[in-house]
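In what follows, chain A forms one complex with chain B and a second complex with chain C.
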Partner chain A sequence: MPDEKNLCLSGSGLTKVFGFGRQKCVAVDHVDFNFYEGEIVSIVGESGSGKTTLAKILLGLINPTEGEVYFQGTKRDIGTQKKKKEYWKSIQAIFQDPFSSYNIFNKIDAVLLDCIHMRGGRRLPRAEKVALMTEACSFVNLKFEELTNKYPFELSGGQMQRLMIARIFLLRPQILLADEPTSMIDACSRSTILGMLMNLHFETGMTLIFITHDIGLAYYVSDTIYIMEHGKFIESGTPDEVILHPKEAYTRRLINDVPKIHEEWDLSTV
Partner chain B sequence: MSNPVMLEVKGLTTKYITRFREDVYAVDHVSLKVEEGKSLGIAGESGCGKSTLALSLMGYYFPPLHYTSGEIIIDGRNISRMDPDDIRRDILGTEISYIPQSAMNALNPTQKIISFIEDVVQAHEPSRTKKDIHDLARKSFEVLGLPAEVLQKYPVELSGGMKQRTVIATSVILSPKVLIADEPSSALDVTSQKMVIKMLKNLLEHGFTKSMIFITHELPLLYNVTDDIMVMYAGQIVEKGTAQEAVFDPLHPYSKGLMGSIIVPEYGLRDVELTAIPGVPPNLKNPPAGCRFAERCKYVRAECEANPVPLHDVGGGRAYRCILSERELRDFYTREAHMREAHQNAG
Partner chain C sequence: MKHTFQQFFRSGKFVFGFSIFVAILLLTFIYPLIIPDPPLEIVAQGTFFEPGIYVSVYDSLGTTPHTLNLDGAAAKRIASKLNEEDRLAMKEWLVAAGIPENEIDTADTQKLLDLWMDNYDPTENIPGMTNARRNYFIRLNNSLKGLLSTEGAIIAEVNPETGTLEQVDVITQTDYVNINQVANVRVLPFGTDNFGRDVLTELVAATRVSLVIGFVSGTIATLIGLTLGLLAGYIGGVVDDIIMFFTNLFTVIPSFVLLILISFSIGQEQRGAVTIAVVIGLTSWFWTARAVRAQVISLRNRDHVNLSKLSGHSIVHIIITDILPYIASYVIMALILQISAGILAEAQLSILGLGPRTTVVPTLGLMMNWALIYQAQILGKWWAYLPVLVTIALITFSMNLMNTGLDQVFNPALRE
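This part shows the complex of A and B:
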């Protein structure tokens, strides 16, 4: 936990409604939150609970129907494309499916060079750029020499997800939003990816927002957990409060539905 | 050894032939035994041969997968050299049944569930009448806790979890001796996953299937479902034991690494340091001569890379594939645990 709490990202009354009339669907329903600098936050919910819609609002990809997002205490202004690009320097994301996260026509160097350019390194000499890219790749246990001149589809899923983290390493945003970062990879690579994200968090002090349905993962990594049901935050608190002493029936059900190893897994409740 | 053996596999080896005529031995001398009423779990990373083993166990090979050697014996009947057409007619569905991860995609969108079941039954037992099949379907759906209305519905009207359970129920309608479930719940959310697992356990208890092989990389799930666990690495078995032993007292360094990556929401998890195994499994086109895990192993020695390592039988159904003795391995693990503890107390 950070010593002094500086507000990083907050929202008040955030709402997103899709459709209208009889087809109206409230995906995010008057959500309030305060995320602090350097905090690791998890937003947990089942599929269809509105997690990803909230993530898209936070990233500025869709506009909320109601409510405001505050970035570092002031109202977020992303009215123009230029302002949006400026905002994306401070918030970046990793998505569930690494295969769809890349431009298939761009080689790996281009992906990483883009990041250097975004940070204002366009005029750096080539050798320095290569040094930066090599450093980023070695941070995630990839070898830059093996990757140059390759296209994203030539990598495995785990490698692509690691390359995603190398991008974040170069970009150094203040906030990283990870939307189901480990749900498509197996349990063993999951701990590798998590370890890398934790190292990155430790090194840069960035705010990490995990969006996940994996309640075990949320319990393991976070400082604060928010439980989301039907577009609302129904419960929040420290992991020990939420996971070990859940107040809401929904939270209890989520926890009960996950297989355990030290406690008995009660199958009679479904 | 009171129960009859339902499935026995002796030294099964199968290979893929790539389009460049290279042989890839994805299942390498695998032997296993499953008794009546028991379930066996297979764990391992992606790409270590779990799913290929599942396909090979059915005895039904199609290119690029080819049979090389070994025996598959189902309830005393050797199926390993049978003609593929005979296997399809006499073995699949009635003796051995298979549920893949995307089982729900097997449903035909233009057919009602009941006519799908009719097709399955009539393919194996042409003499059965429709009424007979309907009765059979209704009865087994009732025991498995599925609503009977589902039978008259089209697949699009059902949720993903319900479709998956419907296909599972259909796969055991002819009471196979062995059921192979390959990641049956990975594409589902936690609640549907729990329902699928409950159903699989019911299948065994009510005798819809006589034995089960369950494949997943989710260790907590495996631990809760199966009696025994087998860990695979690079096409070979590296550890065998009861679920309790494999999870809480693994011997092989690879299994130890796997068990160190378990994340479950229960008290004490936040104090555990997750371990990750660096590197990737070897390319099986030209596998290492010695121990296949040597490259990624913390305790590697010069001898490891020289000769193939045999599966070392410890007795009581336990075995592991490592040149180090049980004692040496356990010493390593306890020392590491102590070091971690000291490190935590200091930090």
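This part shows the complex of A and C:
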């Protein structure tokens, strides 16, 4: 498989240590990986295993204590503000908690306009901007006319997360990092949002790095699964390899914790 | 933001504090329109005139009198003329003349006077009385008789031709002038101070200058504290280390000592009100810087800031739109506290004699300083310092009330 596809994002020896002395906490511990273009990669681990920290390192929001990130095969360089801005045209994110993802003082229009401006549409006429925003909103089943001049906190959690997807729709990055995008959302909205993410992936061909604690979900959607425990990638492979033939006890535990899988696979035989 | 400002007025405490503050502020603007005298003009010859209404004696003589027949006018006249010393002397004489002591009430003027008129005999002597004392009693008796007489006071003029005094008018006990018709009347609600200035006029001007000092010093302190706190908190790293080094350094040195030293080294001549305000502002930003930094650190890793970064916004843009609005409420509260702290700091400095040196405008601190130097508190001239104290207390109180009120608005846990 690696031969057919282009390298998109890779890491070698990525480590992040918070604090020092007795409060030292190794959140990400010498992680190596290769993500390929157009893939859906799932990173699965329980809460506190370092998934969000790794995501922030990949996004360039925090610097790793050790190790390097490679972007499209070459060492990533985001030393200056300008280079960072350029990098963020290629990689974007959806965060876990929609309620804290928005600036409560900014209107929804501002959120979407920022995306148009980032794509170089600052000088577009107002009507064209509105058309773009309307298109993005209708992609996620929202009506822009109803959202304009409203604040994000006036929406429900599910709607806010859909607005996030609309944002990505406008930005069209090569890589989307979705950090447990549905864990704070009620069950009904969850599948809608997942469906929209998948649509976006298939429509644009973007690489989707899908972070979740739900190994069942990962099984359905991903091309490759990485299992994370205490900051380390302990196991990786295709869903079939990882779910049907788990090598690690931790993976087995994760699988056992998912009630749905029991019905379809008899795991006691594995 | 608009919502927040409307919420301010839902807190009773804020509204109460705000009303007191606005009332003080309005007074400092309206009063000078009504009484436009320069605040430091010396109007009284002498020190510490009591609060009251001062009527020109000369102008009352020239005003057409009206006759009013009022009961007890004579008694009041005598009561006001007889001081405590005279009353005790009268009692002493009466006791010596054989009147039982418990029958004499020095507070009851009419009865005391009646007893005196019945019993006093200038030829009689109290045993052991000196000649001077004897003459004092005779004089006292004569002046009492004069007060009781129904003949008026004669006004005389020197006739320029003959050089003799000629009677021009008689003022009787029943003559009254309407105070509204007297040309010169001056109300001194808080009397005069040690220099003979009108305390109220001075106080109003002082309040205004002190408020300006508070605003200038508070704004400077808050701006410096806010800027440094934002930079230290958001950028972190070496910038944070350097800023925090100075902040900690200044926090350890008591800022009032620093204030005294700077104030002292500036020298008398350069110390104007604004200079003092700037110095106060420059020595009181540390707490704001620390508090803002702590708030920013807790904000800078929030997802909305991360999202703003991912949207390609610059550091300045992020600080202004993603950090500042979140701490605005906090900064407003810090500003209010800094203003009232600035007013207090000026008062403290001035009491020590290190306040602004000015001959044009007074400050609340300077008024306290003058009152202390001229020992108003020892002499019992309360009007020279008490109104100043009350004003300082009211301003500080109103600002603290506003702050507590705002705390209720911003901190849902404190809402009833």
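The rule is short, and it goes like this: the second predicted complex is superposed on the first by the 257 of 270 C-alpha atoms of A that agree within 3 Å, B and C clash if a C-alpha of one lies under 4 Å from a C-alpha of the other, contacts with A are read in each partner's own complex, and residues count from 1 in each chain.
Definition applied: a residue touches a chain if its C-beta (ideal position, glycine included) is under 8 Å from a C-beta of that chain, and two chains touch if they have at least 3 such contacts.
Worth saying up front: this structure is predicted, and the values here are computed from it rather than measured.
**Student:** Please determine, from the superposition on chain A, whether chain B and chain C clash or fit.
**Tutor:** Partners fit side by side after overlay.
**Student:** By the touch definition at the top of the document, which applies to A:187: first (chain B), second (chain C), both, or neither?
**Tutor:** first
**Student:** A:59 contacts which: chain B (first), chain C (second), both, neither?
**Tutor:** Second partner only.
**Student:** Given the touch rule stated above, what does A:115 touch, chain B (first), chain C (second), both, or neither?
**Tutor:** second
**Student:** On the A-aligned overlay, A:95 touches which partner chain: chain B = first, chain C = second, or both, or neither?
**Tutor:** second
**Student:** Put chain A at the vertex: what angle do the Cα centres of chain B and chain C make there, to the nearest 10 degrees?
**Tutor:** For this superposed arrangement the angle is about 80 degrees.
**Student:** I want to verify the contact counts: of chain B and chain C, which reaches more residues of chain A?
**Tutor:** B
**Student:** Which partner does A:223 reach: the first (chain B), the second (chain C), both, or neither?
**Tutor:** neither
**Student:** After the superposition, pull out the minimum Cα separation from chain B to chain C in whole angstrom, please.
**Tutor:** 16
**Student:** Where on chain A do the contacts from chain B and from chain C line up?
**Tutor:** The overlap between the chain B and chain C interfaces on chain A is empty, containing no residue.
**Student:** Along chain A, where are the residues that touch chain B in the complex?
**Tutor:** Touch residues, chain A against chain B: 46-47, 141, 156, 158, 185-192, 194-195, 213-220, 239-240, 243-244, 253-255, 257-263, 265, 267, 270.
**Student:** Provide the residue numbers of chain B that touch chain A in the complex, in ascending order.
**Tutor:** Against chain A, the touching part of chain B is residues 45-46, 189-191, 193-195, 197-198, 201, 217-221, 223-224, 247, 257-258, 260-270, 274-278, 280.
**Student:** Any idea which chain A residues touch chain C in the complex?
**Tutor:** Touching chain C: residues 56, 59, 61, 81, 84-85, 88-89, 92-93, 95-97, 100-106, 114-115, 117-118 of chain A.
**Student:** Across the complex, what residues on chain C touch chain A?
**Tutor:** Going by the criterion above, the answer is residues 1, 302-304, 306-315, 321-322, 325-326.
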